[in-house]
Each structure stands twice: as structure tokens, then as C-alpha cells.
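Each chain gets a letter, A, B, C and D, in the order it is written, and its residues are counted from 1.
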């Protein structure tokens, strides 16, 4: 295998297991001269940290990041940036039991099938803690995007059956409620729904939406490295993701062409605009300058304390109740993971786009 | 840009424009010793050929493939396989008009933004004809999968609002009706719906479903090269795709954990099985041996003859009716493209999986 | 295997066998807007064409190139450029004999070991004709470099024991004598030496030197994608290459630091210069703006008509005299291959370099 | 930039600067089930550690490695292996002076040209300490090769003008003298030569030779990923390398074909053999099963205390004597770096080779 690296130009390699000594990431291809400090990273990491609200796992980690290389006198040097987060409160004893059987909905069985055995402590590499590296790298990508005027807004669109009402959309609410829902009323109902799940030892999925504004047109490479294709890969690389759509998504499949096409018009300043944005900001796999809009569907947390049938490694059928510290929903904590992966994808394609026109290359290298 | 290559171990590079001299593909990494002839490829290409039914473009191309390298005495040699399909009936005159303006829903605008100009003849590189190379390569991947006991079944799940009824599912129907729908009754209604779209100069989208049986467990690399992630990228690299889901997909986001988890059981022969398959055959990004199931949402063909507002390259607002030879729906022709991209993705990950266990490597290289 | 692709940003994929239907290359990542026609490519291909002088194989091919995609109205479009050269005078009958045994110095044995069998016609994929694709791609890279003020001069430095005298160096001679030697007197002696080799049914090796002027400083990526490292790979990917050195090369290993270091000085115009260039224009793997200088050692053509001992596929010891159309020396024809691979390497790294500084990226994407 | 990753299947990503907090490497693609502990790595690292003899820098670091992930219960898990070595004795004060000017023969100038500024402490990323990550990864690759019966022997072939005499070759001497020379007499003379260099404040280069025995035939991918090409890149990615040759190398360019070709013969056990090994174990870029033999030329350490002319960042000509802790020769310490890079290259190609034959793939995946 060789699947721990993402990106071609702005490239990250993550490492670490849930209950190992530490987790981390190496970011290669970050341009020199970007102001960067640990606090920039920590802000992002804090958004995915457990123990933030009563629907997330009570495991409390500081998840304090340390930058080990690639930054000198407050600025990136162009060399690889290694970042590390130490694991502090591993209670592996909680997990020794699960070494013997396959938890439904988890990667226990498939890791064993692939590798012959597995690091069973807390899910090992397949744990949600693996995303620490992505989020740390995503914080850097987000700083780069910000410098170029591109901003990402990511939030919970639905929890189980409770969806936000776009009429009530209030972006300030994203930071107001622990579910990151931009609709206070829906957040209230979602909270009740989760309470109910928790009571019965059950869990819930949900949908995350991301909107990128200030998009630069022309980003994405035909044919296989379309912005849409790379985003899709980025999102499906996140553990519990089972669906993804851009713009109108599945609804577009039911529409007619006349309903789905976005007509162009001229703005007063002479620039091109689109009357609608069913396409979610991507045409032919390339950004069109309008807002990038996509949704990511997350499955319910597989760890539930309700009894489930399963089998042991040594071929016995048993009934289990998964113990340990588990979120009844991972959607709110995955919001920053989605945003990070989007930032990484866009940054990578922004860099690859720089060599796509001869006139721009000549201008870039012109000796004054 | 550098986006015309897909795959790491089994790798294809496509080239060609809708109205250039030819289109083609180079497949690198095909193992030596696979029996292969042009007819193997042609069977796949014929499934995407236009002019097969009255809902597809009346442009008639033979799309006859020629193998130029990599095959010797009826078998692949391990060297790159170059395949070419000549363009025969280009009527570029049809397209000179569209050079001046941006067709809504097409890549005209984004290509211009990216490259400064575009090969406007028939959409150039962003045309659906680009998929010829993928399908030719997919035919080879499918032969490899077949030798390993993996088979793909791909079909139209819905056209616009008309969806197949899983109660009526009849796989033999896939080859019986021109819409590749495994439900004769739904196919009839879809046909009427398309007739209606066509009459009003409109178009329709739809959803394609693919099921892979005989899956080998352990395929897919954590973390970023998950089977699910690579499939998602593969599908979103297809022109008109706007959504993708695996197993229960978006429905999983509304379910509770107890409903979505697939419980394991022991078969009579002692092998592991799952009581359900909400996961669509993938756990933790790795195949679990059960059927791989996914769906791909395709938007309506953007070329419609209804009047649409748009702008010209030289900044004038106009109203257009797109002429030319267009399908009112591309879903049926995209079925084989989806199947090809799935076959390519699985084959690539089957190869990368071979070096994932030390015992298997030692056995592989053991000197007898 | 998956080794037919070179480059990360400016990427070529070659295909084809010596005696197949055709050979070719797909260039992906060529920027849009470069003026390009078949004649640009043909000029390069003619430099490697056989039958140009009496030391090269009498096989006469026109090696006429055809551009199949990626160029529109005389300019590159940013889409993959597919180029093809048809094989015309294959006389495979010449080669059927060699199917049964392993020619010393050739890849016959290793291909059989790797793939189980081989396309034995004219060496198949391991033939020098494989370089056609590289040279066609190199012609494009050279045009890009030229637009940026970088020029490559490549020539034969030695044939067997006959080396040019740097005191007599006359670049105009490169195009004057069929051996591409910039020293008329040495060329004369080399010619006699080759005549002698030919008479006895033997062959000769030689050394090729390349100098790039107008180099832009800062090209090459630490650590593994150093300009020197990528050049080394590029050169050793050419069939008969057995050695490579940059600047003083092996001689530097015998020098002391005070002799080998190049001291910096200030030019009259205030720019930095080096008093010497023992480093051959590369410091720490990155171009320093002075001339890039390197040498490539080529082994003698393995096909000789002198008797040699070898073995057959079915395990018999035999004595052979290799028949067919062979050069007593391939060095002169390899000159343009070396230049092409150098141009490809430099271009690729020029593109990757564009995203290495935040200030340059911000300037590039600044909205005016 | 994105040059800190090497390999496609067995992949390492190094990070860290000479005087940062730490240096390290992430190894991705290591198969599961390889027994591995920190001591396995430490043995390799100790071979490159400074302060081992009086010709190496007196800077004393323990260079103790810590494995942070990818190993569970004494075996690799198939997940990325993160290894870290903390920097302990950084005396950055030594280096503040060099921030202002460009040391001849160093990467100071080129890093500034590329990135606009540099981490000047001890050479930053361009320091020889960067190789710690390679050697740690190389230790793992070597364990894999050993399990497959492949062993590497690497030694100093020459120091300045003092070369070993192949008649006196004594492999046991490699570990006996601090210069790693397999010829006690030559080692003695080299030692005197270095003493002389040291006295005058000068430095020396040298040549390293590596021999791999037990090679498996068929390793290396035509065309661009030849074993020779990837080895060349690997070697030239090492800081001070200026030349590389395989088998007879440059001498082959002076030989005739009849002298350079290796004739095949049949061993008594019926296996194929070569009467000679001028090719150094590679034919057509693919291993032929005989010993792999290559040489790497290293330039003299650029840091010398003799006065040298150079320029400051703010455009003044000055004369400098480079202070700090420097080796008069880095060749002996580079021996293990060369061996590590060779092990990494061979391992990577061994893995890519596994999917090159259809019969082997079918056997691999056959369901019993």
C-alpha cells in the first residue's frame, strides 16, 4: 500500500494511529514566505477536538500541535513542514476486548483481511484521530487560500432526519451552536434527536455542506484531475463518508436541461456572471468563478452500545455491545475535516494551474 | 495541467478532441500474457457508440479501434498498449458558430478562462467523445477482473423522475432495451419521458448503478487511496457527473447506527458473511468481499434547442438555441463509461494491494 | 509495471515497439498558446533518423511525425498532444532467428525473465526506436525553453578512445560532421576508428556532452527532485547509457575542496557570478544560473557480427553472429536523445518551481 | 516544490533541517508483518553518525531514533512508519555569520534564489543531516531485501587520489578501518592524505562502490523506471554526488562491443550465467540476476577553512574562512547513505514488478 499521501503539488502525508505515541503529517510543497505559527494550526485542530460538547466523545485530549520543521523566523521556508500531536490519554485497556472480534460497520474485518492482523487499539489507523494530520495541513492550505481571497464556509446541513431550513440560514449560528448548524431552530431539534439516539445507545449520521467564495475561475485539470473529481476523492477519503454531490447533485439527475443549465449574463462592471448556480461553481470539471457548493453525507457512528450480532476472529458467532468513548454523531467534528480536505484540494489545483498558459509562464520567468 | 492520466499501477493516459483527427489512449502497466484482440475492445466501444437508438445523437461513427502496440501474437507483452479511434464524420462547420459564445452548462467558458482560448469544435477535449479512451482501457481492465472472478453489472437506475422498481429488477432486460434499464416497465415510461423532452427541445439526466460481484476482500489503501475515494474520483472525472454514493449513500446519513451497521455472521462453510450490505461492500475504504454497490448521478445534457440567455466572448448578451447532433439523454451511453472507470479503479488497487504483506511477498519471490 | 511515463508537470508517455505498427508519445501538461507544427517536431526527429551517414544503420525510415491532438489553429491548447510515427520498413523476417536465443548485451534475457516472453522483432520495446517518442516530446520542451531564453547545445565528446580537444572546440562543427563532434580533427580520427570497428564487425561506445546556457537560477527541488537527480534519471533511462557526470564529475572526487569550490564574485552590473564552474551549474541540486554542463557515457552497440557465445531459450549453448541493420556506433544518433531528455527534465522542473514562493503565487493570481 | 518524497510503492518522505527541533521520515508502503524495532534502525544510523573517527565532524549527536507509528507488537502493520531523531547539540550561534554571505560550493546561493531567503542554520535542509531520514528508511528496506536473499555491500573505493587495489580486496576490512575501505594498505595511505588535507584546512572527495548480491532477475521497469535510471536518481539525490556509473561505466564508452558484451553460458545446474559482468547486472534497465555493481562520485566537502572569495547577500565581495564543525571528507559517512538509497530503490521496483505478469497475478489472487 501507499495511500497516505494526498496531492501532487501541495502534498501531505499523514501517519499515526489512534493509540500510538503520536499522530502527525508532513506537508511538502508549501510555498516559502507564508507566515505560520502553531496557533494557526491549533485553531483548526480545536474545531475537531473531542470533548467539546455533550454529543462528542468524553475523551479529552489537548491535541496540542508542534511544528518540527519547515518554518524559520515565523515564515515557511519552502521545505517540508512536519507537525506532530502526541497522544496523551490512550486507555488501550478499553480496547483489548475488540481485538478478538469484528465490530459491525468498522474496518476491523477489512484490515485483518488485507494485512493479516491489525493494531486494534482504538481502531488504529482507521480511527477518526487519523484526521488530525489532514486538519493540521488544511489549516495551512486555508491560510494560502485566504491570501488569494478564497474563503470556505462549512457547516452541518442535517443530522439524521433534521435538516436546516435554507430560509432560516444564519451563518453566524455556525459558531454559536455545538452542532455547527446555521439554523438555530434546526440545531435545537437536532440536539433533541441526538439526545434520543444517545439514550437508546444508538447513533446518527448527517450531511455537511461547504461553500467556497472568492473562487478563481480556471481551477481544475481536464480530464481526470477535475476539481470535482479531486474533491470527490478528498471527501471519500474521510472515514465515514458514503455520498457526495456538487451543486444540485442528485436533484440535477431529475431535472430537465432547461432547468439545470445556468445562463450567463453580463454584470454592470462588464464581468461574466451566472443567473443561477445549479452547477455548484464547476463546469467541465473547472471552476467557473461562482461559489463552489458541495455536500458530503456521513454515515452514523458505527460504535453503538445496542447489542449487535457479529463474529470473532476465531470463527464464533457472538453478540456484542461496543464499549468505549464514542460520539453518538461525528458530523459536527467532521465539519472541519471536510473544510480542510477542500482547502487542500483547491490549493493543490491552484498550483498545478500555474503552468497552464505559455504567456503566463513567460511573464513569470521574464528577466527584468 | 497534467490531468490526462489515471491510476498508479494500471495507468491510462487519454488524448484527443471531439473533432480532431483521432482519439486514443495509452495503457501502461497492463500485465504480460493477457489474451487481447481488437474485438475485445470493440465490444465495449460499441456500447457507448452514438446512433444506437433514437435518443442518442444521430452522428454515426464506426468508432473502430486499432491496437498499435503492446500486443504480440495475441497476448499483451507488458509494454504500453496504444489504442486509437479515428474521427470520421466531423462536421466542424456545425460548430463554428459556438466559437463566439458560451453555451450554458458547457465547459466553453471555463476552458477559455483557463487556457485563453479553446478548440471549440464539438466541445474539443470536454466532449463526451473523450470517454472513448477510457472505455477502450476499461475493456482491458474488465478482462483482467474477469480472470480473477470479478464481474461488473452496470445499468440505468433512473431517467429523470422515472426510476426502476427493484421489485421488478430483471438483469436480462439490461441488454434488451436501449436505455439499459433492468425493468421493462420503467424503461417504457422513461422512453415516453424522453420523447417528451425531445419534443420540447429539452434534455434529461439520470442515475447509473453499478454492482461488482466476486469481490476480493482487502482491496483499497488506507488513508487517501481508499477504494471508495478512488471510485469517487473515477466517477466524478466523467463529464456530466454531479453526485455519487456507495451502498445506502445519502440515505445512510438519515439512518441510525443500528439500522446502518451490517452484522457479521458465519456461513455454513465457515466463511464470514454480512447479514445486510448497507455499506455497499466497503468498510474503512477497503473491500469486504461482499458486493460493491454504487450510484452515479448524471446531469441533463446541456445542449438543448430551447432558447437560452448567454454571453459572447466579446461581451454581448445574446439568446441562443444550441444546434448540432445531441442526445436528449446521455445516461444510457454513459453506462459503459461508468463500468469502465470502475474496472480501471478496481484493477489499479488490486495491483497495489499485492505488496501489502510480507509473507505474500516472500512467497511471491521464493526461489524454488 | 508502469514505467512509460516521465515528468510530473510536463509529462510524456511513450509507446511502441521497433517493429510494431507505429511508435508515439502523449505529452500532457504542455501549456496552451505555444505555436507548434509538425515541422517543429520533424527537425528534431531528423537528427535521430537512421541512414544519415555510413556509420548508422542503413535502415531508412522517413519517421514522419503526425500530430493527432492538442494543437488547434497552430497553437497548443493545453490538452494532451498525441504524436505518432508509423513504422514503414519493418523487415521482421530478419529477426525471427533471434527469437530463439539471447543476444549478449541486449535486453532479450531480462525481458524474458520479467514477462515470460518478449516481442523479439527488432528488440521490441527495448529498441532504440523507442526514443522517437522522447525526441518528439523533447522538441516541444525545447521550444518552451527557447521562449524562456534557455538553449541546449549537445555534441559527441568522444568516440571510443578518440576525444575532442577542448582547445579546438568549434561549435559550428557540430552540424558539419556526421558524428556531431565540435572538433574537425577529432571527428576525422573518430571516423577512422569507426571504419576500423566496422571492418572487424565490431562496435564502439562514446561520450555525449550537453551544455545549457541562459539557465534560470532556482530550478530543481530539494531533496529527491534535484535538477541533478532528475537529469541523472533522464539520462539513465536512455537504453545504452552506463555513466553520467555533472560539471567536473568523477574528477571532482579526486580534487581538494579548494580546487573544486567555485568562488562567487560580483559582475560589473551587480549580478552574482562564479569565477569557475566545476559544479556544472548546480549547487545543492538547484541551478545556480551558470551553464549547466553534463556528460553521458554510452556503451558500444551490443549488436556485432563477430562470433559470440550465448545460450538459447531452450537451454543450449551456441555461437552467434548478430545479423540485421546495425550502427557500429549509436552515439551520434543519441545526441538528440540526450538533448531531448535534458529539455524535458528542465521544463518539468521549471513548471514545478512556479509554486515555490508565496509572493510569486499572490502576484500570479492577483485580481487586477 | 514537492521533492521530499521518493519511491512509488515503497515510499519515503523526509523532513527536517540541520538545526531544527528534529529530523525524520515517514515510510509509506511498507508491507505488514515485517519484524521491526528501533534497534534495527539505530544500527544503520550509527553508521552515518558524526564523531566516529577523527576525520568526521566532532559534533556528537546520539541520533537516537524513535518509531512513532506503523509498528505494533514488534511487527509492521502496513500503515505509515513515522520515525524521528531529535536534534540535540545545535549550536546555531556558529552559523549566524554565514547568514550574510554565500559559502562557495554550498546551496546557500541557490536556496536564496529559489525561495527568497533560507534557514541558514547549519545549511538547513541542504545539510548532510537530511540523510538521517533516508538511512532510517533504508534500514527497513534492507530488512525486506534480506528476507528475499538480496544483500548489499558498500564501501569506499577511493579517497581523493587514493584508490583501493582490487587485488587486495578484503571485505572484512570494510568494518575494520574508519574509512570503510576494503584494502588496509590503501586505507592507510588515504588516512595520511586526509591528515594532509586537514592540516592545510582543505578537504577531499572520493568514490563509493556498492555491490548487491542475490539479485532477482526481472527488476526494473522499461522505459523510464529502469533499475539503472531509478538508481541514478537515488544517488544524485544525495547532496555532494557529482557522478555515477554502473558496471564498467565510463570505461565501457572506450571499449569495443566485443570487449563490453557479457556472453551467456549454462551453469552445471542448467541455470543461465554470464561469463563476465561488464554490464554491472543490468541489461535494458532490468536486473539480469548477476551482481549489481555501481559507483558514486562524491565531491570534496565544500566547507574549508582556507580563505575563499565570495559575495554577501547585500552585494559585497569578501573573503571568508568557513568555521564550524566540518568533516575533511564525507565519503565514509556517505557509504551508508548510498547503501540505503540503493536498498530503497530496489525494494520499490521489487514491489512494482509484482503485477507484471498475468499468470502471477492469477496465482496470487487464486481462491483456494
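Here, a contact is a pair of C-beta atoms (placed from the backbone, for glycine too) under 8 Å apart; a residue touches a chain by one contact, two chains touch by 3 or more.
Keep in mind it's a predicted model, so treat the numbers as computed, not measured.
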Of C-D and B-C, whichever chain pair has more C-beta contact pairs: C-D
Geometric centre distance via CA averages, chain C-chain B, whole Å: 38
Rounded Å distance, chain B centre to chain D centre (Cα mean): 44
Approximate Å spacing (C-alpha centroids) for the pair chain C, chain D: 26
Shared interface positions of chain C, touching two or more other chains: 1-5, 8-10, 14, 29, 32-33, 78-79, 114-116, 125, 222, 352, 355-357, 359
Pairwise touch network: line, ring, star, complete, or other: complete
Contacting residues of chain B [partner chain D, same complex]: 8-10, 29, 31-34, 76, 78-79, 144, 147-149, 216, 222, 350-352, 354-362, 364-365, 367
Residues of chain D that touch chain C when the two form their complex: 1-6, 8, 14, 102, 104-107, 109-111, 113-116, 125-126, 130, 158, 160-161, 197, 202-207, 217-226, 228-237, 239, 241-250, 252-266, 270, 272, 275, 279-280, 282-289, 297-304, 306, 308-311, 315-317, 352-353, 355-357, 359
Residues of chain D defined as touching chain A within the complex: 1-5, 8-11, 13-17, 20-24, 26, 28-29, 32-33, 66, 68-70, 72, 75, 77-82, 84, 114-119, 121, 124-125
